[in-house]
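Shared between the two complexes below is chain A, which pairs with chain B and chain C, respectively.
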Partner chain A sequence: MTAGLGLGRPQTQAIVGDEDVVRVRQLVRTVAVAAKLSLVDQTKLVTAASELARNTLVYGGGGQVEVTTVDNGRRQGVRIVFTDSGPGIPDLELALTDGYTTGGGLGLGLSGARRLVDEFDIQTAVGQGTRITVTKWSR
Partner chain B sequence: MERVPVLKIGDILLVSIQLDMEDQTALQLQEDLADRIVATGCHGVIIDITALDIVDSFVGRMLSTIAAISKVLDAETVVVGMRPAVAITLVELGLSLNGIRTALNVERGMELIAASREETDDWAVDLDEADPGQAATST
Partner chain C sequence: MALDAAQGSRLAGLLGDHAEQIVKRWADSVAVSLRGRLSQAELQSQVRELHRALLVALEGDGRELHAESAGELRAVLSELSRSRARRGFTATETAVSVFALKDIVLETMSAGGGAEQNLRDFVAYSALIDQLGLFTFESYAKAREELIADQAEQLLELSTPVVKLWEGVVAVPLVGTLDSARAQVVMERLLQTLVDTGSPYAIIDITGVPAVDTQVAQHILKTVVAARLMGADCIISGIRPQIAQTIVALGIEFGDIATKASLADALRHVLKLTGVDAARRNARRES
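Our next item is the complex of A and B:
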């Protein structure tokens, strides 16, 4: 764990159905309000979470999300970790390209979500799953 | 799964989305609207998203699809009431909402539809004058 990084108590939510994507949005909204993100930053983070939760469901075959408030001593923020044990992403660079999709969507989920947050990390292995961590800091 | 109600007001169908929609609810709305346009012969659709605190790529695509479906069914779609934070987020996400007309509120949306119907009517009159033979056969 990063030195000097304060972590709140993580809240988890399973993603196994359509209705869980709605629950993830609501959970992220609640935590973002508690972390005092601005309205625009809340909106960006909830939108990114919605995209990533849908990816976890559609491409990862379901998984879970963990939402935590973080504090780096100067600013508060929200960290969200999406984990699935799905097929993984064979070509990460391609998957992060605007307009690329294998699922019939617009191909903006992953690339768009990355633009909406401050920090974006993706760990993926074919056949093992994907773990995406995003952080949004208050300004 | 909840359903979004579609209201008929004169020549216009009004949809006010008041809930955090599951993806299936959004897809159902597309079908419901197509059915109602054909059943009522309405020439305008207003989708009020005042209550939506986010529009992600899925809902964005739904709006574009509804506009396209309406168009081939001879109806004009106007999306009204987008919150400023939602607009900022949409642009950053990379969604352009191609083919969608927007207005600030329901009233202006209705004016927009009325104005565009007038244009269409004028055009029809011009055609009749230009080619009386065709006008005669079409009546």
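Our next item is the complex of A and C:
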């Protein structure tokens, strides 16, 4: 763990059905408000979480999300980790291309989510699953 | 697992011989745990029915809850759970109605004497009553889920009204989460209203939608395209600043679809268009 990074107690939510995507949005909204993110940043983070949670459900076959408040000594923020044990993403660059979709979507979820947050990290391995970590800092 | 044949008939004997006393003590005991939230008469009749169904089961081969002759017992338990769930009792309060029978059976047995056999019998009876109680837990949970699903459906219906705003202008104010199920309902309602009213304009107002992600956007876009195929033009209104910034960052493009900050702006926009149309028509007539 990074030195000087204060972490709150993580809150987890399983993603197994459509209603869980709504629960993730509500959880992220609550934590973002507590971390004093502005209304615009709350909305951006909630929307990014909605995209990543739905990908976890639809492509990852379900998984779980962990939401934590973080503090780097200067700012507060919210960190969200999405984990699934699905098929993984074979071509990450392609998946992150605007408009690329294998599921008849707009193909903007993954690339859009990256633009909506301050930090974005993907660990993925074919046949093993995907783990995406995003962070949004208060301004 | 639960009772052997001899135990089954001994329990049946016990329940049959002291029927009146058992039903009364049972109902009293449940009444205490429900603190008067059900009438004495209603409780008595519920307990009497349970008692009767249990006897029927025991007199057949129903020494286990899943036995054939316990069919009625299962039905009575399910009905009990359903009615408790509907009336807002907790799962515990529901199961306690069944578990209370243990104390009553123990009381009745100790009055008879014969300590060692009694102990073994009671343990077996207890196990059977546990089965019944756990069964109410399951039925209760199922009944609650159905209730919630019903309410969700009602909410779905309630929260997607299509209103006629002006001559030739209908509006759909969206409130809450626009999931696929609701999007389908909204689209159908809107298209039907367009047909019924012959309106050339529809305003989709998203003031009440907390987040517009790619799924919501896709549903809106599909609705707009479908309306267009029917000859109607859609305007999207209620795009708040934080939503606008998020849509831009996501990369969603609404193309040539008119978007307005508020419902009032959207209506003004439409009236200007129709005003121009009307003026043009008038102008043509005059010339």
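We take it that the second predicted complex is superposed on the first by the 139 of 139 C-alpha atoms of A that agree within 3 Å, B and C clash if a C-alpha of one lies under 4 Å from a C-alpha of the other, contacts with A are read in each partner's own complex, and residues count from 1 in each chain.
In this text, a contact is a pair of C-beta atoms (placed from the backbone, for glycine too) under 8 Å apart; a residue touches a chain by one contact, two chains touch by 3 or more.
Since the structure is predicted, the reported quantities are computational estimates derived from the model, not experimental observations.
Residue contacts after overlaying the shared chain place A:S50 against chain B and chain C alike. Of the two partner chains, neither chain B nor chain C is touched by A:D91. Of the two partner chains placed by superposition, A:E119 touches none, neither chain B nor chain C. With the contact threshold set out at the top, residues 18, 22, 25, 29, 39-40, 42-44, 46-47, 50-51, 54, 98, 105-106, 108-109, 111-113, 115-116 of chain A are in contact with chain B in one structure and with chain C in the other. Those residues of chain A that touch chain B in the complex are listed here as 18-19, 21-22, 25-26, 29, 39-40, 42-44, 46-47, 50-51, 54, 98, 105-106, 108-109, 111-113, 115-116.
Contact residues on chain C toward chain A in their complex (touch as defined above): 177, 179-180, 210-215, 217-218, 241-243, 245-246, 249-252. Every residue of chain A that touches chain C in the complex is listed here, in rising order: 18, 22, 25, 29, 39-40, 42-44, 46-47, 50-51, 54, 98, 105-106, 108-109, 111-113, 115-116.
The touching residues of chain B, when paired with chain A in their complex, are 1, 20-24, 53-58, 60-61, 83-86, 88-89, 92-95.
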